[in-house]
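What follows are several structures.
In the two assemblies presented below, chain A is common to both, partnered first by chain B and then by chain C.
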Partner chain A sequence: MSDILAAAENVSKKFRQNPDFAERLAIRLGAAPEPPTVHALDGVSLSIARGEVVGLVGESGCGKSTLGRVIGGLMKPTEGRVLHDGKDIALMRGAEARKMRLDTQIIFQDPMSALNPRKRVAQIIGEAPRVHGLVPRAEVAELVQRLLATVGLDPAMAERFSHQFSGGQRQRISIARSLAVNPRFLICDESVAALDVSIQAQVINLFMELRRSFALTLLFISHDLSVVRHISDRVVIMYLGRVVEVSPAGQVFEKPLHPYTAALLEEIPRLDRRGRRFTAIKGEIPSPMNPPPGCHFHPRCPHAFDRCRIERPALVAAGPGQEVACHLNMGKGLAHLPIQQGD
Partner chain B sequence: MTLLEVNGLKTWFQTPWGTIKAVDGVSFTVNKGEILGLVGESGSGKSITGFSILGLLDAPGKVVDGTIRFNGEDLRAASAARLRALRGDRIAMIFQDPMMTLNPVLTIGTQMVETVFAHRKASHAEARAMARDALGRVGIPRPEERLDAYPHEFSGGMRQRVAIAIALLHEPDLIIADEPTTALDVTIQSQILSEVQSLVAEMGMGLIWISHDLGVVAGLANRIAVMYAGRLVEEGPVDPVLDTPRHPYTQGLISSTPIANERGRPLRQIRGTAPPPLDRPQGCPFQPRCDYADAACASELTETVVGARRWRCLHPLGVTA
Partner chain C sequence: MKLTLFRGEGMLVRVARGLRASPKASIALLVCVVLIAAAILAPLIAPQNPYDLLQIDIFDGKLPPGSASRTGSHYWLGTDTQGRDMYSAMLYGLRTSLSVGVTAGVLALVIGTAMGLSAAYFGGRIETLIMRFVDLMLGFPTILVALMILVVFGQGAWKVILALVFVQWAYFARAVRSAALVEIGKDYVEAARCLGLSSPRILFHHILPNCLPPLIVIGTIQVAHAITAEATLSFLGIGLPITQPSLGLLIANGYQVLLAGLYWMSVYPGLLLLVLVFSINVVGDRLREVLNPRLEL
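Entry: the complex of A and B
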């Protein structure tokens, strides 16, 4: 394996409501319960190799965005370490910390809330490289023109405001802005989720092209397994704050190991599944404030047995490049079960 | 049997900058027990089509031309009182955001009982029993208890079920569902789709499922209607439309989905973006993005009808002239 650009080591993130003075007093006196804690991330480890595209998939509330923000350095983990180039980012100071932050750029789902509506595109894209002294002031305008062309926008539009663009174009602007500081690592948090199908295809193609031409490393966060499978080298599936499966992207569709992955695959609406009887996995996604004990998925799992209700399954190797956190088949998940096909 | 017949529907918005032709000559029918998938990207006019049928347009939106017949009755000529009597009783709508249907300060039970009283004479106990049954039908556990809960006590998927239960209260003949599962997770979406599917089969109602997701419509619908820039560009039974699309736009939508492409290869994409609503090209609205367009495409489009399928294109795919 090539060297690791970014890694999370046993990272946990807990969110807790901050009680005000009256509540603190009430808690102290035993008149109110302790505020609930949300375990957004629960002992997650993930390493991303240089030049790799890792897809991070899960449903809402599974902690995928939190993991992206923790790896990107926007949030501090409650426990565990985040490494960039082998160094703990919590210990970085000064120039080193600035370099790490420029190296790592995040592209969010909604470009409208990520772009300042009162600034022109040229200012939005040109600000960071100018402030950080990456290009001489006189060359900023030229850089903006070049970046706009790179992301497929007309450089003549540099003096417009973001509201004058369509959703797909705005997402291109936020991509251009993140490219302006020469990052090595892009974290794309649902970056194509809000786009129409035809525009989504264009932006996915742009990401794949940029990855090649700028030798970028990508953490691609999405709820859409088919998009992630298309763009990624490796897919990481999360459920309720934990990683349940890691597989090479080519194998996820053919050989899911975790019952949750299999269920997700079964439920993806697909063009080639016509007039089907929808049969959903039972139950709701449990609240991360009060997750079930043992394997978080056991209340919804068709294969659950006693051990799943008590013991948390560890993430273990289950095949070449594959890892799964499941008690089935001596920890190999669905590997040796006959694959069930939907109707 | 034809339940809804929309013919040449035009819904325009007069603005100081010009006329936005949100829906510009759309025709389709929905039969009893049939699911029509209305597909299109944002701004294509699919939601406005739904609102037009129900008479829910906000000013300056106005139906300027065309007919809407529901069970033989002309809805465009219907009075406001008549429309109010139909809405929620014979025709129901489900919105993308269930909080558009639900009042956050009333319990689910109160809201459902109100809905019953709006169209029926019944005792409070009878109305509550109807509400309970409707909740049970959409798969909400312990419906009797849940009647006393407020909307915020439900998860997003459960709220959408409540909204569907309210739509089903009076066993309507037609339901118009506007992207009701778009905001939901895949597993929850599947649960709702399976409930909807069995309800339609059981109760024999007509359903218009408005969505941008071809995959959902492929699994759920009997027929697909594809909209682009206010026009219906192609319509027909699900299998032939998806297997051998005639309109280049339908073809483009299908082939730009990741599933239709080899992994890691560039996706086949439709170039450009949809035209702005105030500046649509003459003739076929898709021509600036179309690989097959020529000078003839700027003339007014005629519809070609072959068997159960129809399309609006001068250069249909897979048809030799």
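Entry: the complex of A and C
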């Protein structure tokens, strides 16, 4: 199991507004409703092997960013464990915790707010290695120059402020900032979603280059299947706080197992299907405050039957390297068409 | 290129540019600078030390503005009942008023900022405790609280400062907390946590510098408030002791003889106080316009 760099074991995350004293009193007296609980993650298990690029896909609000932050150690899970190198990060202390903290870096979505507007690029990138003593003070400037060159920026720009850069350049600065602490694991939380398509391609290529030259493991979170397809070894599909399918990247596009994955793939614009009308998946994503019972996807699933409305499908192996959480075809999803309901 | 240069400049340059663009604010700033310089240099530029009994002559008392003294010099703003040169007394009074006001303002800023930042960063029970206390403080009338403190602790410059800080820190705490909450929600704070930086470092190196604009504005205006509040307390006779007269105390002293027609003893210190507080407020208002993040490009 030493092959697994990071893993989430049955992780749940609930967000609940903490009522203050007056609100608690009002609730006790029946004058106010209980504050709603948001189930952002509901029993998610996921393991990421060393050197692997995992794409995490889902609609907005399905909990993929929360999962990224939980695996990255920035949020504590409500239930379940997060393991790094086989050790529970909640139990790490001192030097071990610090090493884990620096080993795992998150690249955020919005390049505008991810950089401190009052700092110069050299400070933004150089602060963490200087504070942690990763390089001698005299060599920090040199490190910054080298990192800027690594992410494809002119090292002469080190003295500028972040607002003097374009979105793509800022994202490169964020990447350089993360690389400055020698991470092994990068979590890219919608890191290219805010960029123009042409810039997206450049930044994705940068990620792939860095992955090779720094032997990085990547968790690439996106709502865009075509971006994920380009770079991932393995794709994880999430729906409303649960993992519904895990497949090797090639398989998932050829032979989707979950009806939700199939519906998502239908919507990727393709040249050979010009002129086709787009039929959005029917209905809205249900509210995570009040998720439907059984399989979360059943209200929108064209193949749903009685069992889907009652019992939560487990994530089980359904093919070579593929896992799916669906009751169809005895838990193998759409593997053997035509579809057979039940078992 | 010009635009990038403009956007890349520091806060100080932007403040200077913004103040210069408004003639009203430029004049107000000039007045502030002159008054502060006069207060600092008072012992050097005042014709006499009004609190050195050897330099004042009781027979020169109650002279109207422009009178000649017995030694031949002129009292351009008249003298008070003790024969002090009003101009000198006002310079020394300005010195006292400004130092009490600025000290109280700065102390309130430091304490309020620490409270507001902790409330925003730690949240939960700490935040509830601090912010409910702030609400309580803001609910009391300033002068009432200051009066109570001075009645309990007695007179003295440091006691006045204590009273002013006690009634003013809550304004800073509230402003800093709301500014800090906005900043904490931004990704760069989470990125800093991700880089393993310590809480004090994130608070003071990342969040605080981004909360400075509203702090500077409130700080300026609160200094003006502190000066006014101190003048009020001194006028009421419970502020500074008679040996350290501030502008407020000068006004109070002159007030006793105002109806006898000796207007200059309270009107001139009053005018000086008015000009001082007014110009600080004008500068503060302009700073608010310049530093408003919504006007920032």
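Going forward, the second predicted complex is superposed on the first by the 332 of 343 C-alpha atoms of A that agree within 3 Å, B and C clash if a C-alpha of one lies under 4 Å from a C-alpha of the other, contacts with A are read in each partner's own complex, and residues count from 1 in each chain.
Following the convention adopted for this analysis, a contact is a pair of C-beta atoms (placed from the backbone, for glycine too) under 8 Å apart; a residue touches a chain by one contact, two chains touch by 3 or more.
Here the structure is a predicted model, which is why all the values come from computation and not from measurement.
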item	value
Combined model on chain A where chain B meets chain C, clash or fit	fit
Touching partner for A:Val131 - first (chain B), second (chain C), both, neither	second
Partner chain in contact with A:Gln202 - chain B first, chain C second, else both or neither	first
Vertex chain A; arms to chain B and chain C (CA centroids, nearest 10 degrees)	80
First, second, both or neither for A:Phe214, with chain B first and chain C second	neither
Partner chain in contact with A:Phe161 - chain B first, chain C second, else both or neither	second
Touched partner set for A:Ala249, first chain B, second chain C, both or neither	first
Partner chain(s) touched by A:Phe15 [first = chain B, second = chain C, both, neither]	neither
Contacts of A:His223 with chain B and chain C, given as first, second, both or neither	first
Contacts of A:Ser113 with chain B and chain C, given as first, second, both or neither	second
After superposition on chain A, the shortest CA separation from chain B to chain C (Å)	6
Residue numbers on chain B that touch chain A, as the complex places them	41-42, 155, 157-158, 185-191, 193-194, 197, 212-216, 218-220, 222, 238-239, 242, 252-254, 256-261, 263-264, 266-271, 273-274
Chain C residues within the chain A interface of the complex	4, 7-8, 124, 128, 186-188, 190-197, 201, 205-206, 209-210
Chain B contact footprint on chain A (complex, rising order)	59-60, 166-169, 196-202, 204-205, 208-209, 223, 225-227, 229-231, 249-250, 263-264, 266-281, 284-285
Residues of chain A defined as touching chain C within the complex	18, 20-21, 72, 74, 98, 101-102, 104-106, 108-110, 113-118, 127-128, 131-132, 160-161, 163-164, 174, 177-178, 181
